[in-house]
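Encoded as structure tokens, the structure appears first; notes follow it.
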Amino acid sequence: MQWNSWSEFLAMGGYAGYVWGSFGLTLLVIICEVFALRLRRRKAIARVKQLQSWSDQGLEYQE
Amino acid sequence: MIAFLIEVVRRDLLLAVRRPADAGTVLIFFVVVASLFPLAGNPDPVVLGNIAPGVLWVSALLACLLSLPRIFSGDYADGSLEQMVIAPQPLSVLVLGKIVVHWLISALPLVLLAPVLGLQYGLQGEPLFVLVLSLLLGTPTLSLIGAIGAALTLGSRGGGVLVSVLVLPLYIPVLIFGAGAVVASQAGLEVQAYVMLLVACFLLSLVVAPWATSIALRIALE
Amino acid sequence: MIAFLIEVVRRDLLLAVRRPADAGTVLIFFVVVASLFPLAGNPDPVVLGNIAPGVLWVSALLACLLSLPRIFSGDYADGSLEQMVIAPQPLSVLVLGKIVVHWLISALPLVLLAPVLGLQYGLQGEPLFVLVLSLLLGTPTLSLIGAIGAALTLGSRGGGVLVSVLVLPLYIPVLIFGAGAVVASQAGLEVQAYVMLLVACFLLSLVVAPWATSIALRIALE
Amino acid sequence: MSQLTVNNLACVRGDRLLFKNMSFALSAGELLYVRGENGAGKSSLLRILSGMLIPEQGSVLWDGRDVINGNEQYRLDSLFISHLNGLKDDLTLVENLRFSSYLATQSSQASQISDALGAVKLEAYAHERVGSLSQGQRRRISLARLWLSRARLWLLDEPFSALDVASVDLLAKRLQQHLQDGGMAILTTHQHVDIQAAVVHELKIAR
Amino acid sequence: MSQLTVNNLACVRGDRLLFKNMSFALSAGELLYVRGENGAGKSSLLRILSGMLIPEQGSVLWDGRDVINGNEQYRLDSLFISHLNGLKDDLTLVENLRFSSYLATQSSQASQISDALGAVKLEAYAHERVGSLSQGQRRRISLARLWLSRARLWLLDEPFSALDVASVDLLAKRLQQHLQDGGMAILTTHQHVDIQAAVVHELKIAR
Amino acid sequence: MSAINWFKYAAPQTFYPLAGRLIPWLYVIATLLALAGIYISFVIAPTDFQQGEAYRIIFVHVPAAWMSMVIYLAMAFWAAIGLVFNTRLSSMMAQALAPTGALFTLLALVTGSLWGRPTWGTWWVWDARLTSELILLFLYIGFIALRASIDSPQRADRATAVLAIVGAVNVPIIYFSVRWWNTLHQGASINMSSAPKMAVTMLTGMLIMALASWVYSIAVTFVRVRCIILERERHAGWVRQLEEVKS
């Protein structure tokens, strides 16, 4: 264990901005990607549902 | 008239949104060209710092130039331009709208990305700020002047390259003042004069360009 | 097959002759871009000599790039390309013919003019000769690789700028070897290795490009 | 009552004199067919009348005022549909019509646009990209502008080309109605289409 | 005796199923009209038959051999004229025809080319730039390829559009002769044109 | 519509539910690995005596850099398979891999910069590895831009496949040319190979983080492929029968 206290841990030996910046950015990118995909999936499903409801009404291939 | 301007801007922005690749590719072109220079020569930071203003300004200018033919060529080929020219609406307002959109799509993103490239070339502090400022003030002039060239070469057989040849000489003052501002700021000199000159270029071209472009368009369709 | 190649080259040369502005403007673009740099930065002769290989090679590359969309776009728009694709003649031979013409029209004049620009940047003797040699060996590769990009972007909405984005990263090795040769020769080093590498790039792309381009053309017309 | 008067017109394209001494007049409710073989100069005439091409000689007057060097009123009163469709592949049908309607009439109401699309039987495609339509469908969108127009004078270059039989009928009906309402139309066509009008002129451009 | 056989073809463009289960056969001397309203899929069918578009499903056979994945013989035997003219504005008529004839038949004799231009009544323009011709004249040059062709199967997309009456006649005659000589033709048109052939099929693409 | 024979898309049809079942597990595994990796990075790994704590960036930087290359190769591989065998699922895989690959490339560049600033005192140098990474980003962007600019997905599949293959042939050439260019100029910049010899704990940490990235990439790609399937096969009968659509 290298750290004597939380504040020391957070300070990262003076490189906090860089280290936490890197890890934070990576985490942010991952979260964004996962959420963007969730949104995309929801949209795609809504689209299929809409198409299905249209074709239930006999309107085929209409977008 | 303002309503019409808004309508034109709206339509052209919509078109641009439908093909986001366009705006993106101008930006990437800018980045790629700016990255070619270190590859083609010496990547030493001192040398790079020296050529940075020139390279970045020239790359921005080329990126802007490349996207010029698109201002009117699409409308010319599919016949929309015919409609615009014979419409009751004033042609110069329409032209202005198209120029505004060209700047928003092709130049603005490039201005916003410039600081990152500046960092890659080792620019920092004031010179970096001046780089962005000079691009912000200079690129509208590039769009305005470029539109004249784009209209003049419509339907002529030279195509994209001809635009470049017509327009590049007219771009030179902007390039000199723009890059000059950055060089001056690197040398610790005053940049105000350069900035004023850039603004003057902008105002002048704002008066001349829409009018000249409209005339050129009418000629192209004859 | 050779007869067909000749026929294609003949027709495209004829087309080029009918619009001499095209070849001319590529050349002028090259000259103007190469002259922008001294304007945008430091005109000190030592600095210029330092950046000369990079600037000249990058200018040549950009000039080549700008003329790429023209290889196929005309034939695509007017429907000639449809005829070519469904013709009994082999498509890759046709593609090769068009690439040859592109090189003759867009790159060769530029190679011939390079010594003059080299002199302006203070190059002399061996480095100048190496500059011309490297351009002579490198530009055919640029045309070959470029044709793939031009064919891929046919009918897509990106237009000219998209070609640049696709093709520029692929141009980097040629740029490095080409400009590298000049830099090496300036430093008094051996340039043979660079020349061999340029030839190798050329041979590789000669094998890959006509094939990939034909596939891309068929896709574009689907 | 507005009137189009053409005096002593001559047109040269390239090295060729297409026609000269052409004079005619057109009043409300009248239809003019421009006839002639391929290359006679029909499209060139229409481009002159639209104000795009400047004739070698002669004048075009709208209500007695010259048209050739820009005439605000004439621009509002005339509508030219050339053989190009003037459509953006990347916009939807509605978006395309919206803009061209705004351009020609300074208004663009959604209801009118969907009516026009209905008139040319393309409601089903309203929100599709024009780029994915067939040749004839594109022509129909371009013609939908006739349902949106308030112009008195229509200049139509080969309006029937690429249209299927049903659409030809539709268009003929619209033309008749326009003429009944006191409009005028000048059109070129190689097809035979029946259009009833009070007065039908025929102008033959011969070589 | 060559024969074109189409089995169970289906075509999807964008999101739309244009047709499915389409089967027919065509033998020497036979003419096939493809009918259907705008957007039915006529041009798409011809593009499939020309080998440019890959169908969703089904096969096209020429003398029993598959066409879709490239067939040397079929390329020699078939000629497709789409609604694009495939002409270079900057070349003269003769130069244009020279190249397209070479492309299709590996030969290009000056005498044949001037004969073909004569046939479509464009000798007078032989050495002019195509760029300065009218819409109908361009179409005629494109059709002049029919007088140069040795292909057995002609695929013609709206060949009559933009043509004046005289040219329509000319083309109809050429088609009849081709069919009499044992050729085959598939064509789409919205116009009514009389073409006599031993066997006339009609294929209706409905939605 | 149901009469169109969709049998040739059987692959997406079977893949879709399979991937759906795997995804939660992949997410869980990726998270666990990442947690372990982070624990090693911050708690077990000792302070570097040269660079201090800044070196901990290595635990995200290097996996990101590795992934950026691996994903490009995978992408080119699937694209080629799709082109040659005309299998839709392969092309979809390629399409789905591209954004993730581009993101990792971007991360490698940014974290590299964030590392370079404290260690080299500059955000960027034109070092061979950095430069090739930048070019790789351009290649990714080209791939994505080309797809975005073509309307028909089938055409886009095949066009991007040609690009990916040509790009893949070029990647080694680019890599070596850039290296060589860089050694010619030497000196000017700090060479990355001068990074400290790695302790075993560091290597372990990096490997675990890299493994987490792998699993994460697979999971995200699967999710994206499923979206693409839904978007592109929205007319297929089986898509209409899916539970998520019915409910």
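Letters A, B, C, D, E and F mark the chains as written, and numbering starts fresh at 1 in each.
FYI, a contact is a pair of C-beta atoms (placed from the backbone, for glycine too) under 8 Å apart; a residue touches a chain by one contact, two chains touch by 3 or more.
Note that the structure is predicted; figures quoted are calculated from it, not measured.
The rotation relating chain B to chain C, fitted on Cα atoms, amounts to 180°, rounded to the nearest 5. Homomeric contact chain D/chain E: same residue numbering on both sides for over half of the interface positions.
Chain pairs C-E and D-F differ in how many C-beta pairs they share in contact, with the greater number at C-E. Chain A and chain C have Cα centroids lying 42 Å from one another. Chain geometry summary: the mean Cα position of chain A and that of chain F are 16 Å apart.
For the pair chain D and chain E, the distance between mean C-alpha positions equals 30 Å. Note on chain placement: the centre of chain B and the centre of chain F lie 34 Å apart, centres being C-alpha means. Counting partner chains per residue, chain C shows two or more touched chains at residues 18-19, 156-158, 162, 165, 168-169, 172, 176, 183, 222. Within chain D, the positions touching two or more other chains are listed as 90, 128-129, 132.
Counting only residues that touch two or more partner chains, chain F has 1, 138, 141-142, 145, 149, 151-152, 178, 181, 235. Considering their complex, residues 1, 38, 42-43, 46-47, 52-54, 56-57, 60-61, 64, 99-100, 103, 106-107, 110-111, 114-115, 117-118, 216, 220, 223-224, 226-227, 230-231, 234-235, 239-240, 242, 244-245 of chain F touch chain A. On chain D, the positions that touch chain E within their shared complex are 13-14, 36-43, 83, 128, 132-137, 139-140, 158, 161-168, 190-191. Contact residues on chain E toward chain C in their complex (touch as defined above): 50-54, 72, 75-76, 78, 80, 82, 84-91, 95, 99-100, 102-104, 106, 129.
Listed in rising order, the residues of chain C touching chain F in the complex are 145, 148, 152-153, 155-158, 162, 165-166, 168-170, 172-173, 176-177, 180, 183-184, 197, 201, 204, 208, 212, 215-216, 219-220, 222. Per the touch definition, chain B reaches chain D in the complex via residues 4, 7, 11, 14-15, 18-19, 74, 78-80, 82-89, 221-222.
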